[in-house]
Structures are given as C-alpha cells and as structure tokens.
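Take a look at the structure below.
The first chain written gets the first letter, and so on, giving A, B and C; residue counts start at 1 in each chain.
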Amino acid sequence: MQTKGRSIVAAIAGAVGFAAAAMHIESSVAETRGPVTDPVGVVEIDKGEPLQIGVYQVLSGPDTANGVDQKRAIEIAFAERDNILVGHPVLLHIEDSQCTPEGGQTAATKLAAISDLVIVLGPSCSSEATAGAPILWNAGIPSIGTSTSAPRLTAPERGLEFAGFLRTSYNDNDVGSSAADWAYNVLGVRRATTIHDGSVYTEQLANVFAEQFTALGGTITSREAVSPTDSDMRPVLTRIAADAPELIFYPVFVNAAGHITRQAKEIDGLEETQLLGSDAVFTREMIVAAGRAVVGFSFVANALEPDALGEGYPAFVERYKQTYGEAPIQGSHHQAYDAASIAIAAIEKAAVTNDEGDTYIGRQALLDALYATRDHKGLTGILSCTEHGDCGHFNFAVYEFTNSDPESFSPGVNPKKVYP
Amino acid sequence: MSFEIVTTSFRAKVRRRSLPGLALACGAITAISACYVCLMGLAVMFNDRWIVSGVLSLGQLLVGMLPLACGCYLAVRASGRSARQILFAAAVAGTLAGGGLVALLLLGETTALRTIFVNASPALRKFLSFGLGPGLASLVLCSGAALLALSGAALCLARKRLRSALVAGFGTCLSVGLLQDLLRIFLDGEGLPKALREHLFDWQGLTWFAAIEFFAAAFLLRWIWPQLSQRLDTVAARRGSGFRRALRWGLIVASIAFVLLLPVLGGAFLGQVMMLVALFILMGLGLNIEVGLAGLLDLGFVAFFAIGAYVVALTTANSEFAVAALPFWLALPLAAIVAAAAGLLFGLPVLRVRGDYLAVATLGLGEIVRLLVISDTLKPLIGGAQGILGVPKPTLAGMTLASPSHLVYLSLAACLLVAYCAWRLQGSRIGRAWIALREDEDAAQALGLNLVGIKLLAYGLGAAFAGIAGGIFATMVGSVFPHSFQLIISINVLALIILGGLGSIPGVIVGALALVGMPELLREFGEFRFLFYGLVLVIMMRFRAEGLWPSRASRRSSAILEEPG
Amino acid sequence: MTEVLQATKSALLRLSPVGATLWIIRIGIIALLLWGVVGSIIANRYSAAQWGDFVVFGLAIGSIYALVALGYTMVYGVLRLINFCHGDIFMFGAFSAYFAAAPLARAGTLEEDPVLGLAAIFAVAMGISAGLALLVERVAYRPFRHVQSLAPLICAIGASFVIQQSARGLFGSTVKAYPEISWLQGDFSVLSWAVPKLQAIVFLAAVTVMLLLYLVVMRSKLGRAMRALAEDRDAAALMGIDIDRVIVFTFLLGGLTAGVAGVLYALIFTQVHFFMGFVPGIKAFCAAVLGGIGNIPGAMLGGLFLGTVESLGPALVLEGLNIPAPYQLRDAIAFVLLVLVLIFRPSGFLGERIQRRA
C-alpha cells in the first residue's frame, strides 16, 4: 500500500516539477540564419523544400460557404503562378476555424506550431481573429484577415498583440456610415429600418448605419432582427411596414436577403420602399435566391475598379468555375484573393535567396514589407496598407441588380454601379 | 423502458441467405457507397492528403476500404461455406462494386452530371481513371475492386494469428500516416536528428520505406505477441502476485506521467487539443449522469455550458458588461453553482416528461437559452452578438497560466476532480437510485424513491459539471461569443458518451478522444465534421450499442445474454 | 366566506413544492400574456388589415408545419417513436424535385401546362421522400423494433445529420430557387380581402392531404391495421397483422406527405437549401405535440395554431412587453409552447390522456 502511494506521488511530483521547469511560452526571439538577421525570427527554406503558407477559414457549420469560397480563391491565387513562389513550391496548410473564437484559437495554435511557416491567410470571422491573430504573431507569423471586418481589429488602440495582423477586408465602420450618408444625403430618405441576423458582422453594420443615420438627423423607425435560418419574413416585414419607412437596410447573407427581397414585394406598404443590402450579397447566388425581385435591389459595396475588373475578375471567375464546378458562392472571395496577392508581393520583396537556392525570410522584414504595401493592384482595387493594418481599399459604391437571369451576372453590368 | 436490453449488440437472429444473392446485394451496396463517397466530394478532397507519399492517399484508402470491407463481410456471413465459394462470391461482389464506379465515370464523361452533382468534376474523373483512358480505367477499377474484395475475404478467412498481425501492421502504418502532422511537430521540436524525420516523412506523407518498416515492425510484434505474453505470465507466476501488482502500478504511473508530460513535449497545439478533449470529458461526465445513469435524455445541454462561460466572463472580464471583478478561482465555483441552479430550473418543467418527448423538450429549452443569449433583448446585459471580450487568464501564485500548455493542467485537474465525484456518485445510494429511475420509473416510485428529488439532482449535477467546463472555456479563449453555443455541441457530447459507452466513466474518456481528439487532427476536412458525427451515431447504435468501453453493468448483462442455454 | 378561506387554506397546505412552482408558472405566463397584449393594443401600431395579414401568413406557414406534423404524428402513433429525421426527408424531397422543376421551366412546360408540370414535380418529390423514409426505416428503426428505448431516437438524430450533410455534399451548399409559375401568382379576393393565391392553395392542399390521410387511416384496411398497431402491437400481431408491412406503409405515408410539404414550401418560399429542413422539422414536432400526438386532425390543428402564434405572437405579445427586435425570438415561441404543453397538457389539444398525473 505504502509503496504504491509513494510511487504515485513521486511520479506526479516529478512530472509537475519537470513541467514547471519547462514552462515557458513559445515565442520568437531574435536570430540569424544564413545571410539574414531579424529581431523576430528567420524562416529558412532549403532548396527544393516547399514554402509553407497557412490558411484558416470557416469550413464547417452554417457559414461554410463563406470560408470555402475564400479558401478556393486563395488556392486559385497560387495556382495561377503554378504554385511556385521565390523558386519554391507552395504548400498550403488549411485549417477549419468554425467561425468561433475557440476554433480560431485551435487553428491558430496548430499553424503556429509548424516550424518555418511564413504567413497565414485568414480568418473569415472577426471572433476567430480576436483569438487567433495574437497567437500567430506571438510565434512571429503575420496574418492577413480576409473577411474580418470588425473595427476593433485595426483600431489604433488594438494592442501590441495584434501588431502582426493586417486585413484586406474593409472596416465595418466605413461601410455602415457611408451607407447612412448616402441614404440621407443622396437618396434623401429620412426614415429607415435596419435588419440584422444576429451575427457579429451584420449586427455591427446595422448598428453603425443606425447610429450615423440618427446622427445626421434621420429617424430609425425600428431595428429588427431575424434568425439566419428564417424563411418566413412576411410577419417581420409587415411589422416594418406599419411604420412606413422609406428604406430598409439589411446587410444579411444571401439566404435571408433573398427571402426578404422576394417577400417585401408582397407586403402592402412596402411597395415604394428602397431595399438596400451589403456586399455579402455581391454574388450570382443572390440573383438565384431573389429571382425577379432582384431587379432594382441595390447594395453597398467596395467599388471594383474598372481596370482591375477588366484584367483580373472575369478570368478569375472563369477559372473558379472550371476548377470547382460552380461560380463563386459568396461575397468575399476577391478579398481573399487579394490577401494572397499582397502576401506574394511581400514575400517576394522580403525573401533573400543565396546561391545554393536556399531562401531566408526575416519575419519582421516580411511584416514591414506587408505594411509598406502601396498601390498594389488587386481584384478589389488599388490597395495600400495603413499603419494599423487596414489594407482593405474602401471606395464606397452602390450597385443595383438589373437582370434576374443568373447567367447575366457580371459585376459592373449586372449589378451595375449606380453611385458614384 | 429498460436500458439494459438495448445497450448490447447481442443478436439472436441469424438468417441464412443464398450465397449468390448475398454477393449481389453486397456488391450493389458497396457500389452505391463508393459512388456516394465520390459524389460527396470526400474522395477528391481526401485525395490531397497522402498517407504513404506518392503511393497511397487517404482518398484512395477510403474508396478502397469499401470493397475490402465487403469481402470481409461476405466471409463472415457465409462462414459455413467452402473457402473457394466465398472467394468467388467476393470476387463477384468486388467486380460489381467496381462496375458501379465505372458507371459513374462513364456517366460523368458523357452526360452533364455536374449540373446535379456538384462534385462530378474533372478532378473526380481523374481520380477514378488514374489518368488512363476510359476503357483501360474501367478494367483497372473492376479488377482492382475484385482484388480488394478477394483480399478482404481472404483476410477474414485466414487464421486468427495471421489476421491480427496483418491488421496490426496495416493499422500502425495508417495511424502513423494519419497522425503525421503531430509526429512531425514532435520530431521537429525535440532536437532529434533531422535525418530521422527526413527518413520517416517527406513533405506530404510517410515515405514508402518508412511505411514498410512500420508495417514489418508491427506485424512481427503482433506475431510474437502470444509467446511474449505467455513468457511474461510465467515470469509473473514465478515471482508471485507482488510482481504483477508492481508491474500494473508501474504501468499506471508511467501512463499518468506520460499524460502529464504530453503538453510539454508535444507543444502548444497538442496542449490545445488536450484542453478541448478535457472540456468535452467534463461535459461528457455531466451528461453521463443525466443520460447514462438517470436515463434522462437531455439535448439542451449546451445551455449549461453557455451559462458557465457567461458567468465567468461577466464576473472576471475587463469589459463594460462585467458585474464584478472576481479572481478566476472564485468565479469558477460560482459558475458551477449558477449552472446547477439553471439545471434545476430546466428540470422543473420537464419532471413529468419522459423518453422522446424529453429529448425534444430539452432541445427546445437549450435553443431558447441560445436565442435569448444572442438576442437584442439581453444585449444591454450580456453583450448580444458582439460577445464579451477581455476575459483574463487565471493567475496562480503570481504566475499567469497563459498558454494552452499551462491551462491544460487546470482542465486535467478539473477532470480528475469531477471524474472522482462521478465515480463516487455512481457507486453511492444516489447512483443506484438513478439507475433504478432509468430502468423503470414507475417501479422506482413504487419502491418509495423520491423521483422529483432524484431527477432534479441529476439535472443539477450534470449542469454543474457543464458549468465548470464553460468557465474554463471562457478563460481559455479569452472571449465569449454566443455563436459558440450551438446545438451541435449537445449532439457532440451525446455522441461521445454513446461511443464510449453509456454510464461508463472510462467510456467518456475514450469517446472524447475519438470524437474530439481525432477531428482536431484531421482538421482540413472540417467540412465533413457533421457527417462524421451522424455516421458515428448511426453505426454505434446499430452495431455496438454498449459503446467501446462499456460500463461494468452492461458487460455483465451481455455476458449473461451470451451464455448458452 | 370563511368556508372559501378554509378551502383555500387547506388547498394551499396540500400543495407540494412542484405544484406551487407550476401554479407560479401558470400565473406568470398569463400575466405576461395579458401585459403584452394590452401593451400592443394600446400602442395601436397595426391596422386591421395588417393583423389580418399576420394571420394569413401564419396560416400559410402553419399549413406546411401541419403537413410535416402529419408524418411525425403517424409514425409516433404507430411506433411510439419520434422520427427525428422527418424534417430532413422533407428537405431532400424538395431539393430533388428542384432538379425536375428546373428543366421543366426551361422547356416551358410550367407555363403551357402548369398542372402537368406541377404534377411531375410533386411526383418526383413524393417518390424520393418516400424512398428515403423507407431507407431510414430499414436502417434506423427496424433493428430496434423489439425494444422500447432511446436507441432509435439517437440513431434517427444521426440519420438526420447524415441526410442533411449528404444534401450539402451532393448538391452543393448554395441556394437553389424554384422557378416561378405564373399560374400561381396573383390574389383571390375573399370578402373584399385580397388573399394571395399561393397561400390559399397551400392551405387547401394541406387540408386535402389531411382529409385523404384521415380517410385512409379510418376507412382502409391498412389504416385499420395501423390503428390496431397503435393500440397494442402484440395483440395486433396475434390477430394476424403483418407488422413489418404496416410499419413500412406508415413510413411510406409519412414520406409522401413530407414530399408534398416540401414542394409546397418550395413554391411559397422559392429557395431550397440543405439546412432548410431542420428547424421546420422541430417546429412541426412541436405542432404535433400541441395537437395531440397520434391524432391526425390534431396535427393539422397544431400546425395551424403554431404557425399563427409564431406569426402573430411577436407583434401581439412581445412588442407590448417592449422587447426590441421581437421577431428574433420567433423560434423560441415554438419551444416555449412545447414546454408549456408538456407541463400542463401533455396529451395536447385533441389527444387522449397518455400521461397520468403524478
């Protein structure tokens, strides 16, 4: 009896002692490898070895379409260069972060543990980035958010742990307040209603819109909410109709937006009401979902510049269709593509290859190259990164759908830009 | 309702079918399953992950396992027949299965299958045809499937020793191939010679000679295992029971030490995975009391988890919603108490509800909590969709437990404590009262048990355990968002206690490792996570309802049922 | 007076804690309802036409719930089991019928001969739903025929996920839209009130299906066998009824109604999506319980009631309680109703008492 007890205690004590002694947080330290010295760390890639890039997106659950779309866009960005970067093949490590903070944390922890991981593209949800970006930067890996639009992630007071985080998605504050400005000043509406679906992104946008609209002097008749899985929007639209608003702003995703757009036509009192969405519906799927009611439906979005559009976007869509059997399924794929594009440019700038073909990339140097991105031509326009990591180029524009045939989807034509 | 009768996989009926009919049916089902796997996109997606680099991909393995299993099943079902008949039937079934895939390939080439099935892509055609032309590919598919079915049948017909050795060999090879990410991190981090890692793994998977080495090693080990264990037994018999006891305790101490050292050795990711597993073990222990012991199927379990997380967040966070600024070590027991109170509140309305109704009623209650938490109604109080940020990490003796490698010890300690409580409860009077409640509610009441008290206690305790898990979760992630508390978590916990075995504490651990640990290691297939849970539930209830590590009571009753006469 | 006081006092003394809690819940609910309704009426936000609209929309979605609930109620009546995957069978039928509807629309059949086109769509949906229901019966229910336990329910939960994810994997995660049929657009005018044609047709279809089902169950031989099985399975077996066949027939009927419900849902809401069946499925179960499980007119009544309350409730009650964004809590109404029914009247509106008082 005594030996047994003693041996257990001894084993546990030993393990705890060992663990306590070994307890240190993995973090990056200044080092020199090859020709490169860097205060945060150096990635070394020998000749013939792949260049490892991490991707974490939401790949399961209700938001699957968003993450899958962006993952595919990233894959296309590299496939276009035959998966070669600075002379090395590209190896993508793809993780599912489930659009939850614990999912983001786990995915980021796994990616951070891969030695010689250069950069991470993602995540898709702001809650994931809140948990994941600090973990990655702690290991010296910069990350570029692709559809994380929460303002606090690039706010000046965001904290040092987010120093390694940039994003190509726009800032919710910009979208919401610009939309309110446009509605008040350009359209001239004075009464508006907002609908959100309980997700972080839509609620934030709706709130910002409501605040700005009220600040300008308009009236928000009511602030509604639905569940993302709701299909019968008629009662909530009837409720909205009782206050006779001139505009309904619903920055929700395609499923709910389709239902609202279709059913608004059937409600007495909403015949003249302007329907406004956000760029979550900037996809062919919206035309499918809303059918004939999509004609005249407008949404606020990032203006896709004509020359970037002309060069890149149709070819991108074609390639996407060829590879995956369907057109892009959600509205953030161009941001993901641009994140990859910026990353590629920065890596090419910061990488040093010696005569034997080994490549060295300083981590701080890479981050500096990312922040120094100026006038980069992407699918979403000309991108420049601010000192707090906002690379998302936001040129406010309003688009309107003109044709209810899904085959006629063509950004710039259907939907066409109606403002500016 | 008697639980015992269902929680065994003993089947009394044996129907004898004609061999040709059996072969055709097996072949047809395998063909349909193979087409299903291909059209779901599983084959192509898994194809990107190599097990043995350049030789065997996970996709090929998945599709190849189907005819193999078919052959094995035939051999088992037709066990009375001669070997030649069985092998012939297996070949027929395999050819039929291959024919199904050929049909899929040809349909894909000729018709616009992609307008209906999005995954009938060029990549799938390439996967099925191995890059060859349609005629040659058809031949390869049919003969390949037939060969696999033959090997499956041969495997199941072989002698036990050979079979178990072969299975051990392949199993080891496959496990090492699947867990390559973890092993690579381990090998990289421990200062072991880089040459070892390069010998075993290249960038994509196991190298083929490493695969052969692992296979050979495992095969040999399993082959000589009977002799080895005999040797050990004779040595132990000679040395007396003391030696055996010492050996057993040595093993237990070694495994405890291994578990404790794993987060340190394996790095932050393994620590993170262990933490998630530990949290699900905590929740599983709670649900085990409600479902496994007391027979109260609770599908709204995630609500208690949410309540625990929110309590800790609201009392410790550095946020405008915080109600107090307690240290973590006070907030955690508070979370358990509040969650227990919530459990009592949940239990009260559904006291008189039984069986299937209870499942849906509790599901409804759980969804009500989720909707309230995400709603604008409670937004001024608990943050609504934007969640509560800034939950601090716990501090112990001046040291902050910041990284997962540290927090995992906290959750392991909580697990130990809760498992001990659960174990003692199971053997106590209350535990027996719960089991009586589960077996037959009316008889229990007739025997004088206070049903109300027992049920409420079950709900309360189960909820308290979930509350503890929620509290640790809040501090682990550092923020609490309502979208983390979906129905799928309740289903996940239910699935893992069923997988492990209802009413069995080691079963909860096994289930958590399998259903939470494994998917974490196969994360890029997150798209199919829910499919996986559904399949596990169906397959477990059909074929092994008592779970992978059944409780002692289930084992006893299975033994009774299987006794002859 | 003193006798009343005496009676109340002794009644209070006899009250157990559980009884007391139930009374508190009763009084609380009624108080909340009254407060909400009064508040809404005072606010006077909606016109009579709009209240009417709420009811009409509620009846339309209620008809769908009713049709799905019919499947639940039949299976429960005969097997005493909840077919958890019924909602997903409904989704799968609607989804598969889309692949018939789209080519028909392209070929113009839906414009030239809408009745034929619709019949084809219904046939495809009903066939596939019925087939899937039979498959589920074979895999998830038949092995557990002889035990009364939670195993089939858990198996069905698993099957529900498998069906859902199969739809996503096979057909994609994007939304598909049913073609619009001009024959179904427009309004009927009923008593100077414009009722949308589509909603009216859905309601009538639901009633028709219910009547047909009722006839089958009450008059036909198999229906009688179903009722016998529902009463006492062993006695029915002893009477010579082939249990397997009757159960298969029950699932078949359930699958057919699910197929009809699926197409009607798709015609009203146009979009089909792989996740569309889960929530209506649970709500339909709540509806079945509301009406009295095992009872066919009860399922119909429960469905219509639930649909109406869901549509009307937030505007009528929650708004009066000053709850912001009341329609966000719409799903919660179904669950609250379910819990209340299970506490206070477990047999539902029309069901027999199946649970004795504790």
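In the analysis below, contacts are C-beta pairs under 8 Å (C-beta built on N, C-alpha and C of every residue); 3 or more make two chains touch, one makes a residue touch a chain.
Keep in mind that this is a model prediction, so the values were computed, not measured.
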| item | value |
| --- | --- |
| Chain contact graph, described as a line, ring, star, complete graph or other shape | complete |
| Core chain by centroid distance, with centroids computed from Cα atoms only | B |
| Centre-of-Cα separation between subunit C and subunit A, whole angstrom | 38 |
| Separation of mean Cα positions, subunit B and subunit A [Å, integer] | 32 |
| Shared-contact residues (touching 2 or more other chains) in subunit C | 172, 324-325, 328, 331 |
| For subunit B, residues that touch 2 or more chains besides their own | 118-119, 371, 374-376, 528, 530 |
| Contacts with 2+ other chains: residues of subunit A | 64, 68, 198, 223, 225, 227, 326 |
| In the complex with subunit A, residue positions of subunit C that touch it | 45-47, 49-50, 53-54, 57-58, 61, 168, 172-177, 180, 196, 269-271, 273, 275-276, 278-279, 310-312, 314-315, 319, 324-328, 330-331 |
| Complex interface listing, subunit B residues touching subunit C | 1-3, 5-7, 36, 39-42, 116-119, 291, 295, 297, 348-357, 359-361, 363-365, 367-368, 371-372, 374-377, 379, 451-452, 491, 494-495, 498, 528, 530-531, 533-538, 541-542, 545 |
| Contact footprint of subunit C on subunit A as seen in their complex | 62, 64-65, 68, 198, 223-227, 229-232, 234-236, 238-239, 241-243, 254-255, 258-259, 262, 266-268, 285, 288-289, 291-292, 326, 329 |
| Subunit B-facing residues of subunit C, complex | 17-18, 21, 25, 76, 80-82, 99, 139-140, 143-144, 147-155, 157-162, 164-166, 169-172, 282, 285-286, 289, 323-325, 328-329, 331-332, 334-336, 338-339, 342-343, 346, 355, 358 |
| Subunit A residues within the subunit B interface of the complex | 3-4, 7-8, 11-12, 14-16, 18-19, 22-23, 25-26, 49-50, 59-61, 64, 68, 91, 93-96, 98-102, 105-107, 109-110, 112-115, 127, 130-131, 196, 198-200, 203-204, 223, 225, 227, 323-326 |
